[in-house]
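Look for chain A in each of the two complexes below; its partner is chain B in the first and chain C in the second.
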Partner chain A sequence: MSTPDGLRAFGATARKEWRTVRRYLANLAFVVFWPLVLPAVYVLEARGFAGGEARALGAFAARAGTAEVAGFLYLGWAVFIWLTIVLWGPGASLRDEQLRGSLESLFLTPSPRWAILFGSAPAHLVLAMAMLATVGLTLRLGLGLAVGPAAALRALAVVAASVPLLFGTGALLGALVLWLRDASGLFMLLRGLFTVLCGVTYPVAVLPGWAQATAAALPPTHVIGALRAALLGGARLAQLWETIALLAAVGLGLCAAAVLLLGRVERHARHGRGFEWY
Partner chain B sequence: MPLLRPVLAVVRRDLRTAARYPLGMTNFVLLSPFYQLILPSLLLGSAFLVQGRSVGLAAMAGTSDLPGFLFTGALVQSLLLGTCWGVNLTLSMDRELGTLEHNFLAPLRRDTFVLGSALASLVISTLAGVLLLVLGEVLFGARYLSAVVLAMPALLLTMVALVGLAHLIAAAVLLLRQADMIVDGVTFALAVLSGVLFPVTVLPVWVRPLALALPTTYALDVLRHQALGTAPLLPVPLAYAAASGGAVALVVVGRWTFRRAERRLEAAGTLVQH
Partner chain C sequence: MRPLAVVPVRPGAPPAALPAIEARGLTRVFRRGRRTLAQRLRRQPDTRERFAAVDGIDLRVEHGEIFGVLGPNGAGKTTTVRMLATLLEPSGGTIHLCGVDALARPRQARALLGAVLGGERSVYWKLTGHQNLEYYAALYQVPRDATRGRITDVLAAVGLSDRADDYVERYSTGMRQRLALARALLAGPPLLLLDEPTVGLDPQASADLRERVRNLSATGKAVLLTTHDMDEADRLCDRVAIIDHGRIVALGSPAALKRAVRATQVVELEVEVAEPDEPGLVAAFAQLTTVAGSRRAGGALQVVLHGDATRQLVPVVVEAAWRNQAVVRRVDVIPVTLEDVFLTLTGRELRE
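Moving on, here comes the complex of A and B:
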């Protein structure tokens, strides 16, 4: 199949996914409601832990590198919710096709596999961007966080570099669950891992050494860290450049790995029980 | 007692089903509260420690035992989560399997199924909650006072209240057919308002009356007072009176709502629609 035809197949998959997303309005409520409410609960919890004590707030600032507790928590949860959108969206899209019984038909078409694998990403990217915009507006208007245009642009650069990383993760998992056949179990496990290890609600500095090393090996830790540095820590682009490049490179690597893995899973399915066995 | 035998039969059925899927159940009532609630909160709390001591929590709640504070909250969270989701999943599953209509045709009161399902969920989630308390002491250094056993009546009142809540959830499942979002929101809101994660005095003033209307708030407050020596919101006898009033009100409102939902379904003939 030629590249223009491949792009048409990608566009058709993206349109189909967008229709599905629009069909279930609860998805849209999810991206507006939870990014507002979930971090707010942890902001209240942080207030309870600080108890208005300057020493406690000072200890947090020393460990987190910022005294902006609310901003710190909102940004951590924003990345976590983005990951959730990716896991249950692109990560589960092929599995959903399998459960509906349409996956085999899909693989009988001459569409390039990359188009099938990444076709669901644009619709969920729209949801993720709406969620990030909600968080941005909350930080700026609700919490009065002073975010200048330069800091906003740096944060956008981090977000742009993280797009292939997050959707590459989603695609890789999407291919993997065809083989594992337990999307829900795997996603719950990963969500738990990310919540506990990536510094969503806390500075990674409070973890023991071995856990800090594990956290550093997980890409979402760096997305959260870079966003916080850009918006709360006043980091300049020169300081963030290395992380941004790393995020983009790892993201592209994950996308390539996802395509290769899907190829292997397909070959395995062709020689085994096919895709209808789940 | 005519109600007891069928209720116990439903309890046995639900416990058997839960035992059939031990990993799923363990994940649901034990592991998810642990890694989704306690660990992130514990780590956030440790970012505020001053020389290893939770001075902020001590000023706010009257205890510096951060793990103790969170694990006692986790016990109530486990009860809340187990009961609400237990009833939701059982009724939804019965409907999907096509057995709900058959159950409702049996010569029994229909709330037998709600009551049995709620009790089975309470048995499982109480075990999970107690296990969480023990884990808190053994692995995270929580220190409970021996007076914690005096909080048993408060926990029993919580269970009564949760049976009432289970009827409300059951009514929502019957009427809305897909109540996962509602159950998710309700359990989350109740946990937050009951002070599972933080002292309710931290809540904005306009939200506090909601928290103070919940029996779970007083039960958890009494539990923490007895287990950790925290300053109670109300004197203990008054807290018991408030928790009892709230529990009875929830049971009355829950049963009334369930009966209304049941009659409405009967009239509309939509019990098996999903």
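Moving on, here comes the complex of A and C:
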């Protein structure tokens, strides 16, 4: 199959997914409601614990690199919710097809597997961007965070570099759960791992040494760190460039690994009991 | 019903002279049970029992032919069709679809076939019928400029033109099944594989689908369908392979298969008899004609007898029962069906 045919199959899969997503208004409520409410709970909790005292804020700033507690929490949760969208969207899409009974029909077509694997990503990217926009507006209008055009551009660069990373992670997991025949258990485990280790609600610096080393190996830690540095830490693009390039490179690597894994899973299924067995 | 538009032959399409399906020595071995993660990590030898779900079957299906694979649940029908569809790798044997080696070139083979597997669940309920087909047209590489016309044609062929813009969740089971058939027709394949296409359909919807399959066959398409419905196989198929325990036990036209029973009619008896007297009664029947099968059900003995002069046979059988202290509760005289062929060949009923 030629590349234009592959791109057409990718576009058709994206359109099919979007048609399904938009039928459920709850999806929209999720990307608007949760990024507003969830971090607010933690902001209030932080105020309850520290009471806005200068010494407490100073200790936080020394560890987090910023005194903007609300911004820190909102950005941490934004990446976490993005990950959740990725896990339950592209990460679960092939498994959903399998449970629905339509996966074999897809694998009966001569279309390239990458188009099926990544086709669900654009619809969920729209949701993720809507969620990030909600967080951005909340920070700017709700919390009065001074975000200039330069900081906004830096944040956009980080987000753009993170797209292949997060959706590559989703695609890799999407292929993996076909083999494991379970998505929920794995996703709950990963969400727990990311919450504890990636610095969603606290600076990674407070973790023990071994946990910090593990956190450094997890890509979401770097996405959260880079986003905070861009918007709250005042880091310049030149300072972020290395991280942005690393995120993009790892993301592309994950995408390639996902395609290879899906090929392997398909071969495994053809030699085993096939995709109807779940 | 509007006939399906003639689909242009693809460049490089195999010549129609080659059989649509030619499978030789097709075998698929599975292992029973599951290997635990601990066993895998310890690299313990796999000691699970092996069994052949399909055990060396040969098939040849010609263009324009409706070929049925008939057998009870677990006979190997679905495994066979999944191997032909390139979804499962055979443990042994060869498959050629329109001359293309399906094992060596599965992607090329896939382009030659349309399949309905998994029935109504295989379509997207949250999309309309038209949107479903639009999606698959892109996956099947139907040329962009031909997509609209092709969708119109296949919707007409399955009788869904007026419901094309309704969400599939509002369709009946039969309509969803027909939509799955429309999807299989989208790319104009010369070969259709249908796995239990009428399961879950009411008699009217089943008859409608069978009629549409017949029309497709008339356009030159080869159709291979699996079924455990003997009546469906009898009415619809040009030839039938009766499969049991992964092996073909009989192959031929329904009429030829029924001739193999060596009877024109079947007498089904329901007899009230004490269990100790049962063997004597069956032996008495066997002296009169062929006893195809007997089993106890609902406190009575169900007996199937094969014979030709059944009108003369019935009074003799009733008398034999009376002499063996048995009472005949019910007598049915019916024509020979494929069920009787299966019973004769395997000693079991299809429904068992």
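Throughout what follows, the second predicted complex is superposed on the first by the 278 of 278 C-alpha atoms of A that agree within 3 Å, B and C clash if a C-alpha of one lies under 4 Å from a C-alpha of the other, contacts with A are read in each partner's own complex, and residues count from 1 in each chain.
To be clear about the criterion, a contact is a pair of C-beta atoms (placed from the backbone, for glycine too) under 8 Å apart; a residue touches a chain by one contact, two chains touch by 3 or more.
Since this is a predicted model, take the numbers as computed values, not measurements.
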{"item": "Clash or fit (per the criteria above) of chain B with chain C on chain A", "value": "fit"}
{"item": "Which of chain B and chain C A:F49 touches, first, second, both or neither", "value": "first"}
{"item": "First (chain B), second (chain C), both or neither touched by A:L108", "value": "second"}
{"item": "Which of chain B and chain C A:T195 touches, first, second, both or neither", "value": "first"}
{"item": "Touching partner for A:D5 - first (chain B), second (chain C), both, neither", "value": "second"}
{"item": "Partner chain in contact with A:L207 - chain B first, chain C second, else both or neither", "value": "first"}
{"item": "Chain B versus chain C as contact partner of A:K16, first or second or both or neither", "value": "second"}
{"item": "First (chain B), second (chain C), both or neither touched by A:H271", "value": "second"}
{"item": "For chain A as apex, the angle formed with chain B and chain C - C-alpha centres, to the nearest 10 degrees", "value": "90"}
{"item": "Where chain B and chain C come nearest after superposition, their Cα distance in Å", "value": "14"}
{"item": "Interface residues of chain A shared between complexes with chain B and chain C", "value": "none"}
{"item": "Chain B residues within the chain A interface of the complex", "value": "27, 31-32, 35-36, 39-41, 43-50, 54-61, 66, 181, 192, 197-199, 202-203"}
{"item": "In the complex with chain B, residue positions of chain A that touch it", "value": "26, 41-42, 44-53, 55-60, 63-64, 188, 191-192, 195-196, 200-203, 205-207"}
{"item": "Residues of chain A defined as touching chain C within the complex", "value": "1, 5, 8-9, 11-13, 15-16, 19-20, 23, 100-102, 104-111, 115-116, 269-271, 273-276"}
{"item": "Partner chain A, residues of chain C touching it in the complex", "value": "30, 82, 85-89, 107, 110-111, 113, 115, 117-119, 121-124, 126-127, 131, 134-141, 144, 180, 183"}
